[in-house]
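Let me begin by presenting the structure, written as C-alpha cells, before commenting on it.
Order as written gives the chain letters A, B, C and D; numbering starts at 1 within each chain.
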C-alpha cells in the first residue's frame, strides 16, 4: 500500500450517494456505511429519514450523555427526533416500507449481481445464524435501492458478480452501487460505470468485478 | 287490541338483553332498539361500549345543545366519550371487531333461522338499495351475537323461520333472541324458549314462529 | 424546504383527471372534507370512481358530487344518504354503478392497499351473497374469502391540525377512514382546520405521519354538512 | 368496576403454562418488558415459543430466558444478541428452534393475527430462500407469497403510562412491536412505568385502547438492559 489516495473513503462513498437523492425524499438508511449518508445532505435539499423501528424524522446522534435507551434507530444506536417527527408502531412502520412510501433506501451488500439481485443477510454457511431484519421488506417495498459497499471483500473477492452465490435478499432490486472504486448503474445490459473514483482506471474496476462491466457512456 | 299489557316493550326487551351481558364486557350495539340496551346496565356491572366508527368508551347522548357533529356513533347520532375512552381509525376499529375482541354485539333482524342464520341488511328485492354497513363484520367477528327484534313484522309475518328467504348477513351466528314475546335460544336442536313475556303463552309464540319451537326446559 | 401547503382549494385539486379513483374520508358528515369535495365539483372532473363509507348528505358534499353526474361508480358499505334521494334515484335509473363492501372489509382493503398487501383473507361475507364469485379458502377449519387491497389516485381528507410537512391529527370520531385513506392514495390532499408550525404537533400524538400526505390546504371554518342540509342548501 | 391492575409481577404471570406461545414486545432493549420476563423466568414455565424481533441482550431479559433453557422455539427477524452468545450457542447445539421471519412480515403477521386476518400476500421474500415451500400468487403482474397471521397465548408488553382499564401510551421508539402484540395475544400483560387515573390519558392520544389489555402491573423504575449488561449482570 502506498500513501497515494486511490478510490473513495467511506465518507466519500456516502457523500456521493447523498448527491443522488432527490430533494424532499423519504429515506431509509441501512446499518453501517449507509448511516453516514445522513451527514452529507447537499445544500438546498431536505430529506426525511425513516427508521423501521418506528420513527419518521430521525435526527443525528445525540450529544454524549444525552442518549435515551428508548430513542434508537434500527441499528439500536441512540438517535434524536427532529421537529416534525412522529413515532409509530412496527405495523405502521412497515406500511411505509411495504406500501411503497419510502423513496430511497441505501443498503450494504455482500454480493450484487449484474441484474441487481442483492445478497446481504446470510452467507448460507452451515452454522451461520441467519439474520434478515428488515432488509427483505426494504428491497421489496422501496422505490429506489442504492448500495454502498467496498468493491471487494476483505479477502479481495468480488462483490459485484454475474450471479449471487449467497442467498438472495431480493431479485432485481438494486439500481445503483457506490463502491470505493466507482459508481456503477445496474442497467438492462448489466453493470455500467457511471463515474470512476480518483486514481482508479476502468481496467482496475473490471479486474475487481466478476461480471461484464460496461464503460462510461460518452456524452 | 285491548288495553292489557301483553309482551315486552322495546325498553323491556333491551333491559332483558342487558341482563344477559356479563360484567366487564366489551359491547357493540346495532342501530335501533339495540341502542336502548345502554340505558339498562344492571347494578354492579360495567360495560364498555364500542362504536365501529372509531370510539371505545362511548357514553350516552349529550344534553341538548351539547351535540358535536364530529362525535357520533355508527348510527350517526351525537354521543359522548366517557373517561377512559379512546378514538381510533376504521382499520383499528375493525381489528377489534374482526379480531374477536368484542364480547357481545346486539343487532336488529329482518329474519333469524332456527340455526342462527341472520338476515338484516337487504330484502334482495329488485330496486332495493343494498346497505350492509358493519353488520357482516360484526357477525363474523364478535363472540356472542344477540338479536333484539319484534317477533313478527308489521304485517304479522314471522321473523323466526326455518330458513331465511332474505340474503344472509351471516350463517349460524345468533345465539339468543329477545323478542316482544319471548327470549329464545338458538340451540343445536333449534329454537328453544327460555322465558315467556308476561301474558304470553307458549302456543301464541309457536303460532307466530315459522319454525319448530322447543318449550321451556323444566329445571 | 419541504412545504406541502397549498394556498387554495382550487389549486390543490386542479390536476384530478377524468376517470380518477378518489377516496373521500369521513363517516357520514364527521371528517368529511366538504370544502375539497366542493372544489372538485367546481373543477369538473368526471367519470370518477369514489370510495367512501356512504353516499353523502342532503345535496352538499359527496351527495352534491354524485348529483352532479360526475361519479361513475361508488364503492361503499352503506349507500344511503341522510336527507337525500340523490344516490337511490341515480342507482335505480342505472346511472351509477355500486360496489357494496362491508365496512370492515372496506377499511381493511384500504389499509391493505396502503400497506402493500395486495390481498388477504377474511371471514366477513362468507356464506352470504357478497361472497359469491370470490375465492373461498379453509384455514384452520374456518372458511375465509379472498379480498383485494384498494388503492386510489387521490384521497380527499379532512383533519384538525396539520404542519407544512404534512403531519396530521384529527378530531374525535372525525378520524374514521381518513388516516387509512391517506396511506392508500397516490396523491393525498388534506383540508386542515389549522396549519401549525413544524414542531407544533407532539411526535407521540401524530396520527398520520407526513410521509402519507402530499398537499395541505387550511380551511379554518369548514362548513358543517348538517347545517347546510338544515338550511336546505344545494351545492353549487 | 373494571380493574385490570395487578399488584405483583408474580401474580401477573403466574398462569403462563408450559408450552405457551408468548409474544414479547421490544426492539432490542427499547420497550422490552424486562421485569415481566424476569418474572416469567422466576415462574418457571418451559417449552415456550417466543416471538420477539431479536434474542435479547447480554444475559438479562429475553437472553436470560433463552439461557434458562425454557424456550423451545424463537420466531424473530434478527436472532442476534448484543453482548451475548446465548442464542447462537444454543442454536448451533440444536437446542433451540428458529423460525426466521422478515421484520415487516413479522409485524404484519402479528397485526393480522390481532385483526382476524388469517392470511395475506406480500412481496417480501419472493425469489429468496425464505419463500421456499410457500404459496406464490401472481396478482396484477407481480409475485407475492402467502403468509399467515400469528397469535399468541400471552403477550408481555412494556408501556409508559396505563390506566386501570388498560389504556396505554408508550415512550418514543419503545413503542415498536408492543401495540400490535397487544392485539394478537389471548392474554396481554403490561408493565407500565406509571398507572394514572381513568381520564388521565387523552382519548385522542391513547395508542392501545383498553380492549386489547388484560393485566397491568406498575414497574416505576424498570431496569435498563444495557445498564445491566454494562455491569456484567446475569439474571437471575
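Basically, a contact is a pair of C-beta atoms (placed from the backbone, for glycine too) under 8 Å apart; a residue touches a chain by one contact, two chains touch by 3 or more.
Keep in mind it's a predicted model, so treat the numbers as computed, not measured.
Colleague: From the mean C-alpha coordinate of chain B to that of chain D, what's the distance rounded to whole Å?
Modeller: 36
Colleague: Averaged over CA atoms, how far is the centre of chain B from the centre of chain C? Could you give it in whole Å?
Modeller: Once rounded, the distance between the two centres reads 29 Å.
Colleague: Between chain A and chain B, what's the gap in Å when you average each chain's C-alpha atoms?
Modeller: The separation of the two C-alpha centroids amounts to 56 Å.
Colleague: Can you tell me which residues of chain D touch two or more of the remaining chains?
Modeller: Residues 108, 111, 115-117, 122-123, 170-172, 203-204.
Colleague: Touching at least two other chains at once: which residues of chain B meet that condition?
Modeller: Residues 81, 87-88, 94, 97-98, 140-141 of chain B touch two or more partner chains.
Colleague: Which word fits the touch map of the chains here: line, ring, star, complete or other?
Modeller: Shape = other; not a path, cycle, star or full graph.
Colleague: What chain pairs are in touch here?
Modeller: The set of touching chain pairs is A-C, A-D, B-C, B-D, C-D.
Colleague: If we count contacts the way the header does, which residues on chain C are in touch with chain D in the complex?
Modeller: 108, 112, 115-123, 137, 139-140, 142, 144, 148, 169-172, 202-205
Colleague: Show me the residue ranges of chain C that touch chain A in the complex, using the header's touch definition.
Modeller: 1-2, 111, 113-117, 163, 165, 167, 183, 198-199, 201, 203-204, 206, 209-212
Colleague: Any idea which chain A residues touch chain D in the complex?
Modeller: Counting only chain A, the residues touching chain D are 51-55, 68-73, 76, 81, 87-91, 93-94, 97-98, 124, 127, 129-137, 140-141, 167-171.
Colleague: Touching residues of chain A toward chain C in the complex: what are they?
Modeller: 24, 26, 46, 48, 50, 56-57, 81, 83-88, 92, 94-102, 140-141
Colleague: Provide the residue numbers of chain D that touch chain A in the complex, in ascending order.
Modeller: 27-31, 53, 77-80, 82, 87-88, 91-92, 98, 100-108, 110-111, 122-130, 170-180, 207, 224-226
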